[in-house]
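Take a look at these structures.
In what comes next, chain A is part of two complexes: it sits with chain B in the first one and with chain C in the second one.
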Partner chain A sequence: MKRIYVNEKWCLGCHLCEYYCAYANSNESDMVKALKNIKIRPKIKIEELNGVTSAVSCRHCNEPYCVKGCISGALSINEGVINIDKNKCIGCFTCVLSCPYGAIEPDEDGVVDKCELCMKNSFGSPQCVKGCPNNAIVYEERG
Partner chain B sequence: MAINFLYPKFEVIRNQDRCISCRVCERQCANEVHYYNEESKVMLSDESKCVCCHRCVSLCPTKALKIVKTDHTFRPHSSWNSEVIEDIYRQAETGGVLLSSMGNPKEYPVYFDKMLINASQVTNPSIDPLREPMETRVSLGKKNIDIERDENGKIVDNLPPQIKLEVPIMFSAMSYGSISYNAHESLARAAKELGIVYNTGEGGLHEDFYQYGKHTIVQVASGRFGVHKEYLNAGCAVEIKMGQGAKPGIGGHLPGEKVGEDISKTRMIPKGSDAISPAPHHDIYSIEDLRQLVFSLKEATNYTKPVIVKISAVHNVAAIASGIARSGADIIAIDGFRGGTGAAPTRIRDNVGIPIELALASVDERLRAEGIRNNVSLVVGGSIRSSADIVKAIALGADAVYIATSALMALGCHLCRNCQSGLCNWGIATQREDLVRRLNPNLGYKRVVNLINAWTHEIKEMMGGMGINSIESLKGNRLMLRGVGLNEKELEILGIKHAGE
Partner chain C sequence: MKYVIIGSSIAAIGCIEGIRSVDKKSEITVISKEDTFIYSRPLISYLIEEKTSLEKMRYREDDFYEKQNCKTYLGREVIKINDKNKVVILNNNEKIAYDKLMIATGSRPFIPEIKGIEKVKNKFTFMTLDDALSLKKKLTENKNVLILGAGLIGLKCAEAVMDKVKSVTVVDLAKRILPSILDEDGCKIVTKHIENKGVNLILDDSIDSIDEKNAILKSGKEIEYDIFVIAVGVRANTELAKETGLKTNRAIITDEKGKTSNKDIYAAGDCTESYDITSDDTKVLALLPNAYLKGETAGINMAGGDKTYDNAMPMNSLGLFGLHMVTAGSYEGESYIDINENETNYKRLIYKNNLLKGFIIIGDVRRCGIYTKLIREKIDLRQIDFELIKDKPQLMAFSRKYRDETLGGVK
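Showing the complex of A and B:
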């Protein structure tokens, strides 16, 4: 299955992936309209320590702890992609605590939100990958 | 505080309606132009630091930024123009020599733009390069005119060592130090893929790049940095750098702060020490001395590599080239006065040397007249900007061209001409680790390959139009050129007719 991988050697810490992510999931057709004067809640985040930066998002694990721990059936695996059904989420945040990557976060409505590889929005392919200026974020099959 | 006489050259125009305060401009500007004001929640700019490199403009996701030249003015004066005035203020403040980078930006005539290329009509057929084979391959080096035969009458292969190129384009010398590791890797990989060569410049060869040896020209310059036996034998040719078009007659200086661990090892000098290349080679004061170095290098490489002598185009270039052609060198490279540099004194860059078109024409003419044109191949560089420039240079008599500025532009260079600051936002002319990282060779080399492939297509189209199917038939074929708006003397030196003749 194709997944998002990040090569921190080429990550510039420019944070553009976060903004392209927020825009892709905003349901707006214009980036300015989507992001102007808004505190973004991207599903990919830049982690930074001692000058090393890297983007972190859901790994879409083969045996995900989040899905295993979900008590309401809101998280499910569909052809390898881990999806969230916000209508089913009860906001227990078990997944938030169990994700080893910190890739799941509560959204403003008290339910959780996560990367779905832009499969469910109008773009259809990961926009963080497309927006990365240095090819640090790639979307590929790695066995 | 002293009075600041200088008004910023550029204005950063931010469309606040479009700015989403993502701060990518702030994070990507090594000159620290942009900053975020927490209180008013807007991005602001300190324009005095802007060098107009467009990194912020290119990365801004909402196209909220543009850079414009300031229209702030001094009282207009055609001789004391604002550049002249500002330079005086700058020198009055610092007491120093003005430094600049990249090529001469002054408005001297560009002779390439005053020459037009021929095409076939009716009486001779043009060739469609998409349907018929087109030969762009060249080999550079001395060509023997005499045919030798052995006792059985078989022809003896007496061809001296050559550089083989799929297209008559080479990347000119840029040292590891003046440009980054990633820039070098991009050029080396592109050269390998294209079947052409790049040049180490005077910075030695990084151990990681020995694998590209067949596509590498190793340079020996006046500082002799990084020169040893393995280095000389690593490449496909050895180049002796006598001069550089951007700064004829002077040496080079890589400041100590750029000499980090890797560069110190590659150049074989202590970490943090200034790498100073003297103006002359201290062992070369005549053609005879040059001949000694040429043959020392041939000895060291067991006569398996052609030796290039690179000079800048200066007033007596034809006579100098004649001497070089007799010195045992296999290839002469001439760098015109518009050639680039990582740092040069501004006055020298802008006022010394001559246009490459005139130098090339007069050198080719002189070598032919003296019957020694086959002793050497001619390579020219110094602002070759397009495939049309290449076709014109070859028609004037060049065997191949050197390009560098355009190759760097393929890597992202925006000609902001601040290489000497070491703060290249595009990761090219810098050694700062976080900036070097911005040039990903996996992307960079492909862009360089694209550029050369595009030019190759265009060269073939132009050759086809002239009814020529081999680049060798174009070489020195000055009848394929006509001048426009040139005077008698210029036409005479270029050896071409005026349009309409």
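Showing the complex of A and C:
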């Protein structure tokens, strides 16, 4: 399946992926309304250390510990994409404890949130990729 | 191939999904004492608290069995396994043949001996959906609830009923709460927190005798109550396995494939023991992720696939009255401890021989799965920037090569 890959060498650490992610998942049609004066909660996040930067988001693992350990059945795999049903999630955070990449995080409502490759929002394809000015983030099928 | 599964909880569901990942066609028969939709038992406290509902708490869709092509016998009990003829016998004497059998019989609440307990009508255990529904009916704002047991089940029950009743008292023989998952410093924080929320905790004491209205403690203290909940622990349901001559200890013994001492019988979930990689011994790991992973592994192997489940360990993630805590592994070794001034955030990492062995985090649990990975994959701490990761779980503590392979997809 197609996955998001990050070429660390090309990452500028500009955080635009985070803003594009937050906008795409905001349900707002206007980018300014979605982002201005709002504490964004992107599902892709830049890690930074001594000038080295990289972006981390759900890897949509083939053997996802988050899904297999989910106590409510809120996490599921649909054609390779790991989805979260926030309505079912009860916020036990077993998935947070299970994810080897730290890519599932509690959201402001006490349930968890994660990258769904923009499959469930109005864009339909990962917007972090679109927003990356240096093509460090790509969305590709790599077998 | 005929698969028969005894039980319908998480290990059984994992087993079905494991079988179907290899064998889409053969008959799977599920036999369960519980005649209800597929649900996850840890959700019952959230049901009482109304953080979930009967609709939302379904672990799998209602047409799951149909879609997975399973035949079900719900509300039926297996009374005997005849391993010579490879049949199971139900309580209505019906016989069902198997080629591969899964025992996922789970556990049941342990009921301690207490003087007068048999005469108490308003007593409950807190394990199944039925338990939760019957308890829920009794909860009104003038009731005093007495819970015996300050472990996971007892405290989740306390949290669930708190806002619906007049008072909640939790009694435990142990000197501290959650003794199996927290250390002393962690206990202090959580104890203070739940006492502030109004739970009346009585530790280092136990119930000597009880009648319909009063419990007399060993210390002589007397507690008036209306509803009594027993949450002192669980016992694995091993009777069927024992009668069949399968090797058991405190629970059924299996190998890393989920196979018992009989080559055609597998077992998973709370009725089994698992090898804990962090303490190098075998124990009952009555935890949901363990039940699913072992059930799935067994299912794959039952269907002729090849899968090993060899990285089990204790793992707990829970919130109590809004305070979150995560724990993993075992706690023997050197410790890195970070505790903030007001003692609401606590982190302890335990390491030994350059391996992370366990951790306790209370408060900020973000990205703690990165620590779990270090334990699960036995990553040599000299290969990563341990000083950096101690402070905050992050992938920058790993090598560039690791990030290129995982995030960058470089092979």
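Keep this in mind: the second predicted complex is superposed on the first by the 143 of 143 C-alpha atoms of A that agree within 3 Å, B and C clash if a C-alpha of one lies under 4 Å from a C-alpha of the other, contacts with A are read in each partner's own complex, and residues count from 1 in each chain.
The working rule: contacts are C-beta pairs under 8 Å (C-beta built on N, C-alpha and C of every residue); 3 or more make two chains touch, one makes a residue touch a chain.
All figures in this text were calculated on a predicted structure; none of them were measured in a lab.
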Using the superposition on chain A, decide if chain B and chain C clash or fit.
fit
Look at A:I90 in the shared chain and tell me whether it touches chain B only, chain C only, both, or neither; answer first, second, both or neither.
second
First (chain B), second (chain C), both or neither touched by A:M119:
neither
After superposing on the shared chain, does chain C or chain B touch more chain A residues?
C
Looking at the overlay, does A:Y20 come into contact with chain B only (first), chain C only (second), both, or neither?
first
Classify the contacts of A:L35 with the two partner chains as first (chain B alone), second (chain C alone), both, or neither.
first
Scan A:V81 for contacts with chain B and chain C and give back first, second, both or neither.
neither
Is A:I71 contacted by the first partner chain B, the second partner chain C, both or neither?
second
Partner chain(s) touched by A:P100 [first = chain B, second = chain C, both, neither]:
second
Minimum distance between Cα atoms of chain B and chain C in the superposition (Å)
16
Overlap of the chain B and chain C footprints on chain A, residue-wise?
none
With touch defined as at the start, can you tell me which chain A residues reach chain B in the complex?
9-10, 12-16, 18-20, 23, 31-32, 35-38, 51, 131, 133-136
Within their complex, state which residues of chain B touch chain A.
17-20, 22-24, 27-28, 41, 59, 61-62, 64, 433-434, 437-438, 440, 442-443
Tell me, which parts of chain A touch chain C in their complex?
3, 5-8, 47-49, 52, 54-56, 59, 65, 68-69, 71-73, 87-88, 90-102, 104-106, 140, 142
Spell out the part of chain C that touches chain A in their complex, as residue ranges.
14, 40, 42-43, 46, 51-52, 56-60, 288-289, 292-293, 296, 315-319, 324, 326, 328, 365-370, 372-373, 376-377, 388, 393-396, 400, 403-404, 406-409
